[in-house]
Each structure stands twice: as structure tokens, then as C-alpha cells.
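In C-alpha cells below, several structures.
You will see two complexes here that share chain A, one where it goes with chain B and one where it goes with chain C.
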Partner chain A sequence: MGEHKITSTGSMAWSAEAGDDTREMMFVFHRGAQTFALPPTSVAEVLGQLEVTPVPFAPGWIEGVVGVRGDVVPVLALQTYFGLGKAEAVASRRLVVIRHEAHTLAVWADRIVGVEAVEVGAFEPPLGNLPEAMLKVCRSHFRMNETVVHCLDLGLLLTESRARVVAG
Partner chain B sequence: MRFIRNLSLKWKLFGSAALVMALITLVMLSYYPASQNRALADGLRAKVTAVATMLSSSLAPAVQFQQMAGVEEIFGGAAKDAELKAVRVEDMEGKRLAGLKDDSMVQVLKPTSGETPDIVFEEELLQVALLIEAGGAAVGVLRMTYVLDSFREQAAQVWTMSLIISLAIFVIGSGMMFAVGSRIAKPVLRMTSSFHHMAAGDLKQEPLVVTSDDEIGTLGKAYNDLLQQLRSLSDHARSISEGDLTRSIEVQGDLADAFRAMAATFTEIARRFDELSSSLDDRTANILTTTKQQEAGAAEEASTVSEVTATMGELAATARQIASNAESVTHSAEATATTVGQGRTALSTFVGSISDIQQGNKVINDNIVQLNRHVQQIGGIIDIINNIADRSDLLALNAALEGTKAGEAGKGFLLVAGEMRRLAENVFNSTAEIKQLIGEVTEATNATVMATESGMKSTKRGVELAQETERAFERIVDTIEQTTQASKQISVATQQQHTATDQIVSAMGEVSEVAQQSLEGIRQTASSVAELSNMASQLRKMIGRFKVRREA
Partner chain C sequence: MGREDYLIEFRCGGRSFAAEARGLRSIAGAHWRPATKASRRVVLAELLGLTAGPAGRTLVVARGQGNIGFVVESISKRQIERQAIRPVPELLQGWLRVPALAGLAYYAGGEGVMQVLDLPRLAEWVEAQAPEETGEKGQP
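So, the complex of A and B:
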């Protein structure tokens, strides 16, 4: 895999080339030992600490629900869902509210890197050694300062998670 | 005779047998040849008588009638006899009528009978003369001469044979007697040798092998019995010499009785010695124990006396030192009284200074407490700033997201949001540093407050101690005055003590010398008793070698 330039914008800077066609903007955040990326358009908003209400008889990877501006949004425990073990709660964590079509979901981020401009050529197919549940919803991956960033397909994630809920 | 007595038995038997055989030989040689000669002569005489009688009767008619023709035929048979040397026939006047062979050698022998010829044995010849009778009257004389060579030869052969037979009887008889004598003498010689060994004290020889019941066999059995008895007594004597007095003597006799008596006497002596040595051993052990106790006591006494002497010497030296020190104490007490007065003045000044320090510490402590309170307020403000920065970061992040969604139109908005996030992060870092500094300041002020409070307590305690020291100084002055008086009295008392201890040291020296002499005497006694105990032990050990039957 070759080296591809990634213009780190995030909270620090915004590249003048952010709008060109050779780059794609990605919302990057850390959770546990993994780093994930989502399209910024699918991120509704980022919130601070909120109290999560547990849902009885919900699967283990549904941590509970939160109230976001009048809506009840389920909180998905990404690590548990992907079979990567239970992630520890970090004091400075953020709740990322993501939306796809009419569905809304929230996931915890230990630290948010920001919105990054990634060269289109930097994207590569998902790594083959990922857990099955993660491989199903992982669209591609790229490297950022030697860190592997897994790009999640939000539509697949919502569809799969709903299918697992239905399947019980 | 002495030589004969010293000869051995077999030679004596052989000599006796040889003497008897010699006598028998002599008798045979003197009797047998003579009888044989007589028998030969009788035979010859009978033969000659028969021949003469036959010829006389045959010749009688011819001689009566003087008709001698044809007499050769009468002589015919006799003429063949080789021993017949000559035959001569004469008339009564001695005239030769006829003859045979060389009849000139026939000597004149006057016949006396016509029936029995007269026969005369000469050296080598036999002369025969017989009257020839016819009709009851003597008509002539018949003379014959025989040669005795054959007769003499036969006689000599008889003599030689007799001699040979006699010698053979002598040799064989003597040899048989020598063999018999040797057979009889051999066990006797063996017993003689054994008796010699026995007499020399050698009882290790083998018993004799007895194969007969005759006198020699009986003698051998008696010898074996004697050897067995002597061996048994020798074994008992050896057991006694090795100390075993428990063995019983099975053999009988005067010698065995004497041995039994000797063993009984030895047993009694051993028992008595054992009792005496045991008693002696016990008593010497008791004496030794007592002597060792005395020795230990005397040594302890000598040691104690030495220690007391040394202690008294040290006491005298100490008394001298005390007297000297008492004078020094007097001088020191006076100097101390002066110094204590100066100390009391300095102490008053010190108490004033301590009070000033205490007041200053109180002001510092109040200020530090106030400072700490302000620092805590700063910490609260920092938390507020931090909260604001956190919310700003969230807002900037959401603004960036909205800017991204707005596309080209939100580009500027996105830049501003980025700057805001950077500022928020700077605020985060700064507030973190301020919080760290506040923590350090709080720790320092707390430590200062504690140190100040500790200092205040110390200064308060210092003031109390100074006041207490001042009171102590007053008591010291009183004590110094008492010490001065007491040290003067001690000086006088120790002088007197020094004199008394010198006298005691001298007396203890004499006592120590006497104790040493007593200790030396007891040690010599203990050594002698130990030797005596050792000798008693050796005596018991020696007596212990004798095993005796214990009386019930």
C-alpha cells in the first residue's frame, strides 16, 4: 500500500483544497483501539456527556437510548457490536449522532479527530482480518499517520443492526 | 655287667637267643656226627660179618682138604666189592692157602671165633679175621682187609651237614628272636620316648595306637590314660592361669584332688580380692569426690580472696580518685554557680526573642490561609473556563460539520470552526497547566501552614522550656551549694577510707597466700587419691579376669 497524502483539517486546519474532486471529506473519531471514519453528511451532530437510559431485553450491543432534541435515539456500542470486546468509558467522550435517511443512531467516540480531507486514491478495500460483523459494514480503509482508519457504510450499519435486532 | 645292663631290650633278647642257639649248635655238633659214625660203622661191621661168614662157610671144605682149586669162583662175588682191598686164606699155622687182590697187606690178627669175625678199625683200613671151621674144628683162618675211604668220606659229609644245619638253626633262631625282640621292644621304646617327652612337660604328643590286649597293649592303654589325665589337668591349670576358676575337674585321683583344692583356694582368694578391691575402689572414689569438692572449694576460696584483694585494691584506688574528684567537684561547682548566673540572664533574653517569633509566625499563618482560600477560588474559575472551552469545542465541531454539509458555501465557516477548536484545545492545555500549578501551590501552602503551626507550637514549647530552664537554674544553684559542701565531706571520708582499704589489702594478701598453700595441699592429696583410685581400678580389672562361681 502506497503513501497517500491526507490533509488533516479536523479542528486544527481546513485545507484550501477541501472542495476539489480529488479529495473526500471524512469525519474521523477514535473508539477503543480502533479509528473509524464516516461521511460528514451522515453525522447529525456531536454532543457531550449524556445520560443513557438502558432498554430492558435489548441486545448487549444496544447500550440504551438518549433523548436528542425530543427524539429517542438508540446508542450503539460499536466495540461490542463488532465483537471487539467492551470499551472503557472515557471522561471526555462525545456522543456522535448519525443519521441515514429516516434512521438515527448514536455512537460513543473517545476522541474526535475532526473532519479530514482524504485523497480519493488513499481508499483501499477493507482489511481481510477484521471480525465478520465489522467486515460486513466496512466500506474501505485508509491510513492516517500510520493509523488504520476503517470507513463505515452507514446504510449497511443501520440495515445490519436493525436486521440483528429483528432476528433477536 | 654294666654294659649288659645298658643294652636295649631287643639286644638283650637277641643275645639270650644267640646264646641258646649256640649251645644247641654245640650239642648237635658234638652228638650227631658221632652217632652217625657209629651207625656207619655198625652197618659196615654187619656187612663185613655177613661177607666173612658166607666166605668162611664156602671155603671150609676146600681148606679142610687143602684143595684150593676153584676158590676164585667162591671169591667171585666179593671180588666185585670196590672197598674190599684184599682177601687171604690161611691154615691154622698161618700158611697162605689162597688170596684175592693184594693180600700181602693183610695184617696178622688172631681170630677168636668161627662164628663172629674179629673186626679192627684202623686209620684207613678195616681188618677182619674169622676162623674157618669144619666139623666143629677150626681148619683155617679167613682174613680180609677193607679200605675205609668211602666210610671216612661219608663221615666227613655227615659232619659237614651237621655243621651247616647247626649254623642254619643258629642264624634262623637268632634272627627270629631278634625280630620278636624288636617287635616287643618297639612299643616299649615308643612309650619310653613318650614318657621322656611327658617328663619334659610335652603333652601335645599323640596317644599310642594300641592294637593288642597283651601286656604291651595294657601298658599302652595305661600310658594313654595317664596322658589324658595329665592333659585334662594341664587344661585346667591353663584355665586357672587365664582366670577361669569356674571349670570343674572331672578326673579323679590324688593329683586331681590337689588341683581341686588349689582351684578352691584360688577362687576364695579371688573372691576376697574382688571384695577388697571393690570396697577400696568405692572408698577411694568417695575420697576422690570429697577431695575434688574440697579442691573446687579451695580454688573458689583462693579465687574469691584474690578477687576481694583486687577489689580492695581497686577500692583504694577508687577512694583516691574520689577524693581527687571531690576536690575537682568543689571547684567545678563554684565555677558552675558563676556560669549559671550568666545563663539566667541569657535565658531571659532568649524568652523575649521566642515570644516575638511566635507572634510573627501567627501573622504568616493567617496570610497563608488567606492565600490558600484565593487559590481554591482560582481553581473554581478554571473549571468554569474549562467547561466553556469544552462547549466551544463541541460547537466548533458541529459548526465544522454544518460547514461541510453546506459545501463550498460553508468553507469559510469551516475554517472559523477549525480555529475555534484550536483555541478550545489551547484553553484546555492552559487550564490543565493552571490546574497543575494550583495543585502545587495548594500543596505548598498547606505544607507552609502545617510548618507554621508546627513552628508556633515549637516556639510556645520553647518559651515553656525556657521558663522551666530558668526555674531549673535556680534549683541548680541550690544544688551546687549543697554539692560543694558534700564534696568537701566526701574528700575527708575518702581519705579515711583509703587508709582502711590499704590495711585490708595487706591482710587479704596474707589470706590469699594461705589459701594458695591450702589449695596446693588439696591438689596433691587429690592427685594421690586419684593414683590410689587408679591402682584400685587396675586391681579390680586384674581380679576381674578370674571368673568364679557366685555363691547363692
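So, the complex of A and C:
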């Protein structure tokens, strides 16, 4: 397992040994009742509490925008997007800033697990009982102890979210 | 600073917004009323899905043969330089149902992000929603 630490500025940094042919590194975090995973290379940084400015005419799953080092970053409410209800604002939550190609977005994490080395053979197709919106953007799942971890595909998430707006 | 170069800051629905001064025909009082059938008065907070506070001023935008007056709660004496506007991220732009956000500007030393509304474009959108309607308009 990799390790993560809180820096003096409240942001989080982590280090992880590189994956190899048998293991893949995944950044794991909890949000609401779900546990998600992302490739660590897509996680730009993890920040503490920031004020989110709501944006007019945005769908309900866009919580608003935050300013991160001169950039304006939209915050996507994962729980709402997946139709899992509105997640409570946990006091210890952190903002995970994610980069995919030229895009940057952020999502809240109630708790960061860290960077985990997952055996390649542990990845299985997404569970069939997921809400449709979640099923469309999950590429696989694995189990971490007894917890099911859903692996998000950021490319699909961005494509699907835009299609959802266009579809109204 | 010329009128072309600054943003005006205003309160609407209890929040701070900004708009480019050059996009406005005039700033009128709270009781501005449409003078012609081609004009209309819009409570901006309701249009944005916010709870409107007491009407304080009206930001009047020219639109076609008439004007559209956006009623807001107050206008700040502070002027923000136009260079402070940052573009709306492409990702966010693609998520918005109405392209009425001209940009975003930092305030309070970078701690907060203020939305810069594109009022002429919003006026265009308001008119497109109900071209025959006159008078007050609220939330879409």
C-alpha cells in the first residue's frame, strides 16, 4: 500500500510504489455509502475544506466552482450524479482535484483511503445492480477486505455527463 | 478606468455577482418599469433560482426594439477590473443549460469565486423563452 500524509497547508500528498505487471495502483476514497477508485495519475491534489460557489443554470449534480491556485474548477457531486441522494457534508471531507486530458474537476471524498496496490486478477466487471448512471461510468470493481470498490472511468464520466446535459 | 474596462459588482439572491459595465444601457432604480411592449422587467434572483431580496436597482440591457431590466438588490461601489475575469472552464461550459456565464473572477484575495454574468446573452435567452410575453418574468 502507498502512504499519504497531510501537509501543513491542509492539502494531502502521497507516495506510492509503481505498479508492476501483476498489480495496478489505485487511489481509493469513500463518498457516502460508496467507495470509489481512480488511477492515481489522474489525482492532481487533495485539498481541505474550500468554499464552493454555486453556478446558475447548472444541473443539480454540479455543486459549483472552487478556486484552486488560480484555476476555476467545477465540483461534481458524485452522489447526486449517480442518483444516490445528496451526500451529507462530513466535517472531515476533502476535495479531490482530478485531471483528465485538458479538463480539471473536483469531487468530495468523506475519507481518503490512499493509494492501494490491487492485484490485476482482482478486477472484475462492474456490478450489475448499480444505478444506470453509475454503471455507465464504472469500468470495473474490486474488493478491499469486505468493501466493494468501484473503479471510475473519467473519460466516460466526462462524455456521459455532457451527453446528459444535452439530452436535458 | 473607462466604462469598457470594468465590471460592476451587485447583490442578487443574497449573493455577489458581477457583470461587464459595457453590456448595460443604464442602471435604474428599483421601480423601473418597461416603457414599451418590447421591454420587460425580470427579477434576476428568481431567474437564477435564488430567493429574491428587496429590489434595489435595475440593470437595463438593450434588446431588440426594447430593453430588459434585471432587478437586483444592490450595487456595490467597488469596481472590478475587466482583466480579473477568468474564462469559464470548457468542461463547465458544456454542463450549463444556459450559456449566461461570461466568466469568473476571484475576490477576497482569491478565497472566493464571483460569477460574471453575461447579461446581454441572458436577455437574449429571456426573450427567446417567451418572445410575446411582457411584464415580469421569474425562474425558467
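Some points to look at:
The rule is short, and it goes like this: the second predicted complex is superposed on the first by the 146 of 168 C-alpha atoms of A that agree within 3 Å, B and C clash if a C-alpha of one lies under 4 Å from a C-alpha of the other, contacts with A are read in each partner's own complex, and residues count from 1 in each chain.
Criterion: a residue touches a chain if its C-beta (ideal position, glycine included) is under 8 Å from a C-beta of that chain, and two chains touch if they have at least 3 such contacts.
The shown structure was predicted, so the numbers you read here are calculated from the model rather than taken from an experiment.
In the overlay built on the shared chain, the residue A:F27 is in contact with chain B alone; chain C does not reach it. Residue contacts after overlaying the shared chain place A:V73 against chain C, while chain B stays out of touching range. By the touch criterion defined above, A:T41 lies against chain B but remains apart from chain C after alignment on the C-alpha atoms of chain A. In the superposed model, A:C151 lies in contact with neither chain B nor chain C.
Of the two partner chains, chain C is the only one that A:S161 touches; chain B does not reach it.
In the superposition on chain A, A:V115 contacts chain B only, with no contact to chain C.
When both complexes are overlaid on chain A, the residue A:I98 reaches neither chain B nor chain C. In the superposition on chain A, no residue of chain A contacts both chain B and chain C. Per the touch definition, chain A reaches chain B in the complex via residues 9-14, 18-19, 25, 27, 40-41, 43, 45-48, 92, 94, 112, 114-115. Of all the residues in chain A, the ones that touch chain C in their complex are 51, 53-59, 62, 65-67, 70-74, 102-105, 158, 161-162, 165, 168. Against chain A, in their complex, chain B makes its touches with residues 390-391, 393-394, 396-398, 400-401, 404-405, 407-408, 411, 414-415, 417-418, 420-422, 424-425. Residues 15, 48-50, 86, 88-92, 94-98, 100-101, 104, 106, 110-115, 117 of chain C are the ones that touch chain A when the two sit in their complex.
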